[in-house]
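Think of it as A, B, C and D in the order they're written, each chain with its own count starting at 1.
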Amino acid sequence: MELKSKIKAKILENTKLSEDVFSMWIEAGSMAGEARTGQFVSLYVNDGSKLLPRPISICEIDRENGRLRLVYRVVGEGTKAFSKLLPNVDSIEAVGSLGKGFPVDKTGDSVLLFGGGIGIPPLLEAVKELKKNGKKAVVVLGFRNKDTFLVEDFRKYAEVIIATDDGSLGCRGTVIDAANEIKAAEKYGITDIFSCGPMPMLRGVKEYGESRGLPTYISLEERMACGIGVCLGCVCETKEVDHHSNVNNTRVCKDGPVFLSTEVVI
Amino acid sequence: MELKSKIKAKILENTKLSEDVFSMWIEAGSMAGEARTGQFVSLYVNDGSKLLPRPISICEIDRENGRLRLVYRVVGEGTKAFSKLLPNVDSIEAVGSLGKGFPVDKTGDSVLLFGGGIGIPPLLEAVKELKKNGKKAVVVLGFRNKDTFLVEDFRKYAEVIIATDDGSLGCRGTVIDAANEIKAAEKYGITDIFSCGPMPMLRGVKEYGESRGLPTYISLEERMACGIGVCLGCVCETKEVDHHSNVNNTRVCKDGPVFLSTEVVI
Amino acid sequence: MGNMSVEIAGVKLKNPVMTASGTFGSGAEFMDYIDLSLLGGLTTKGVSDVPWKGNPTPRVAETASGMLNAIGLQNPGIDVFIKRDLEKLRGIDTVVMANVCGHTTEEYVEVVKRLADNDVVKLLEINISCPNVKAGGITFGTNPDAAFEVTKAIKKYAKQPVIMKLTPNVTDITELAKACEAGGADGLSLINTLTGMKIDIHKRKFALANKTGGLSGPAVKPVAIRMVYQVRKAVNLPIIGMGGIMTGEDAVEFLMAGATAVSVGTANFNNPAASVHVVKGIEEYMSKYGISDINELIGCVE
Amino acid sequence: MGNMSVEIAGVKLKNPVMTASGTFGSGAEFMDYIDLSLLGGLTTKGVSDVPWKGNPTPRVAETASGMLNAIGLQNPGIDVFIKRDLEKLRGIDTVVMANVCGHTTEEYVEVVKRLADNDVVKLLEINISCPNVKAGGITFGTNPDAAFEVTKAIKKYAKQPVIMKLTPNVTDITELAKACEAGGADGLSLINTLTGMKIDIHKRKFALANKTGGLSGPAVKPVAIRMVYQVRKAVNLPIIGMGGIMTGEDAVEFLMAGATAVSVGTANFNNPAASVHVVKGIEEYMSKYGISDINELIGCVE
């Protein structure tokens, strides 16, 4: 068996998408070949004082060329350092791909995807793969304002509905408001829901999906130390006793980040 | 009064001189204008885990263009990081110029300079200035072997005598052996001695100079934390009670690194 | 290549590099990343008599050259640990040390009894020093009398050598070390984490739900080296040194300070293969300086 | 801009940023680098009744996100300090805190008496915690009874408010804090350095001639924040917080933990203007969040 290892991935592209959101393509070799939609990679900062990984979801997978796209928001010193890396000059250390992603192979015909803010990127690979599997994807994207990102990328594969907090673009309000406005689940004969975004949104999505009896997959975030399931730093409470931990806690990094909404307590 | 401050100096050149010795030119602005021969600058590593300065002697001063030359040996992680900086792309943080240098203005007509290993670089600016002041300079340089550096630079301004530990170039033995072999002090009517290098060499030079009654200036090294005279980390024992510290200890960074050999206990 | 094997309380390790409890899961999780048999040993996550749920999240936070954790010793309990986790390690050619936690002497003893006849476990490490458990735990670790008593109680039932793991959050660690020695300990592990705190100034909240957590990583190495040195001068027990080991050079520093073996902890989060890199780094050091037996290095700085 | 001034034991600081003893010389050395009047205050290097020569070199070593020092309190003695060093600070619009060290209660008292009528000194900081002095010093700092006694003795003669500076090398820092409070202290400074050690594995020697030294810098910040928080809950004295402050954000973290003022230490070695940058960083934080009075931040995290 081939061992997984930390790689030094060349930066192929690193461009600004909106005020504080950047898109990076890295040369990831076999890591890209094995990557699954909804998984994440652990990126490391090139600074001896910053030891822990920055988990970043996989936004697009180019398996043939061994490349991964990562879209990230600059929120702290680590992501700031990432935004300064120069394509074709710099490299970044990465471990991955990690976790369990969206079950793109197991859904029904028509999937509704809710993405909020920096939770949007991982849904892009999901809609691509859903489309490849011959399924319909409808995406509701929530932004703070009209300073959006990735919208055109989504339009290539799915119908896109936009909600903004300030109403400067699309529907004013939450992604749930936007979905309700057009009765999305009913209109598109939705069979499954995928979602990634801030916790209040995920709670709304959980309610939206469960109240309609739809399998609802949500991607969670938690502070991580290892990213590989060994430190128990990143747990989320579970309804039932977790298979691994033998208590009502599951590891977001290893058993998630994507969970069926009915399994976890959020 | 203009305050001194930490500058971000552009790397103008960063080339390998020998197996592990590099030469760097930095854009230092007014810092270069004020620099004196034998002073040093504090260089900082661009890594949050390494907080303390790396003191590096000034090898050449280009006052007109505001540039400084620093020649350093890669011995640890900080100097290794320096050696990877790219000219015209990277910058380096620096504080300086610091300390008291060689008294190029106060010597007699003929100065004998002893340099050993990575103690050699600061003598280059010294010979340049001695020559400019119309004085004669004779330089004895000690290397481990024939993998030398800066020799041609010195030849422009001074007569150069070489000693190597393994005899692969010049005189086999120490710089003192080489000086003795040609009776240098006597032959050149030496009036003063300047020296920089490892401690055993400095002890030899001190003895050589003092036994001949020559003013002997030696440049010392000590582990530093501040480089600006405030932590008392870098002291050297003194014969007399030191003016600043009021004990028999003087600060290498502030009151040195160059001392009259008769003042310090080494 | 020189001899790298060392002995801790009669148990031979092929090299002095182990992994630190709580940073290495139950060991098996690392099989995707490294060949476990390259390690001298591994230490499993603290296990208690019944499953523990641990603390609320956030449980971890990054700090300068280190991290804070307040996992709260979440673990599946001794039953699942023995039946499932230890079985995964059976047959792997490395020394397994089981780390044991509890709130009371009885709880420690219960776990030790259950492990007594398990032949996968070759060493017991008793965590009397976790700062994240409110009752019991920490008082054993800071009070010499309690440390003495719990060591004695455990020794009565333990069939494997007993390594007592000490906390650095004390005025004089040698007192604790001596108490454990007097209680019959076969070795000592040090250091556990230093109690620390971080505040998120933007949210005006503690970075950890538990407020305080344990500081680990290179930041604490100087404290760990000092304590290993102090303890080595105070007792006659083998020491497993840890605290901030990232490289083979860090490990050599612990050996020179007096540790017989070392554990790699936080570094596993920086690179899942860190422990194996530490082994290789020690090898390089030994060949660079022509060291024929690693035991020469142990405590060589006086 | 919001109000930045705070009060420590009746002494008003224009902002909460001071500098830490031993990292700022006698203050005047920094005039080449910063305008001292931008600081809330400055603390001078520890001074004793007679000149102290300190330890042999090497006295300092770098560690991950920190450093070790074993200066051994070299200082020119109280005479030169008063006649020369303090005079250079006369007229500068910042609060001068004199840091006092000694081996015995008598030595501390002698220095305090000598400073009693000096009008440049506005605060006294009593270092009962330096780990680098073999006799006296450290025992005061780790023993509550001794801390109480020395505080009481000093208070009898001191004319300036007395800030007792505590060591982090103890099992329970609140005991020491309470002892100083009972002895009449007007405030507390914390933390001094954590005792640490580094070995040069290539030379097989201690990195410091003194073997052990004091660890400071960002590496220790989580420990310092924890202790400030603990002490604030235990006593009713103003706290000057320190340990690893590099930026305004670090300073705000200390204020939120419960410090009324902060001291910038090791950061001065990374950048001689660090203390002034900390002042500016706090200003930026306040204006970003629209804070009208810095006192709102003090202890705001519960």
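Here are some notes:
The rule we apply is simple: contacts are C-beta pairs under 8 Å (C-beta built on N, C-alpha and C of every residue); 3 or more make two chains touch, one makes a residue touch a chain.
Protein identities per chain, from UniProt: A, B = Dihydroorotate dehydrogenase B (NAD(+)), electron transfer subunit; C, D = Dihydroorotate dehydrogenase.
Predicted, not measured: the structure shown is a model, and the values here were computed from it.
Between A-C and A-D, more contacting C-beta pairs join the chains of A-C.
Centroid distances from chain A, each centroid being the mean of CA atoms, peak for B. Centres computed as Cα averages put chain A at a distance of 35 Å from chain C. With each centre defined as the average position of its C-alpha atoms, the distance from chain B to chain C rounds to 47 Å. Separation between the centroids of chain A and chain B, computed from CA atoms only, is 56 Å. Each of residues 64-66, 217-218 in chain C touches at least two other chains. Counting only residues that touch two or more partner chains, chain B has 48-50. Residues 22-25, 29-30, 32-35, 45, 51-54, 57-62, 64-67, 69, 71, 74, 76-77, 80, 217-218, 266-273 of chain C are the ones that touch chain A when the two sit in their complex. Residues of chain B touching chain D in their complex: 3-6, 44, 48-53, 95, 222-236, 244-249, 254. On the chain D side of its complex with chain C, the touching residues are 63-66, 68, 142, 169-171, 194-199, 201, 204-206, 211-213, 215, 217-223, 225-226, 229, 244, 249, 252-253, 256-257, 285, 300-301.
In the complex of the two chains, the chain A residues touching chain B come out as 47-50. On the side of chain D, the complex with chain A involves touching residues 64-65, 218.
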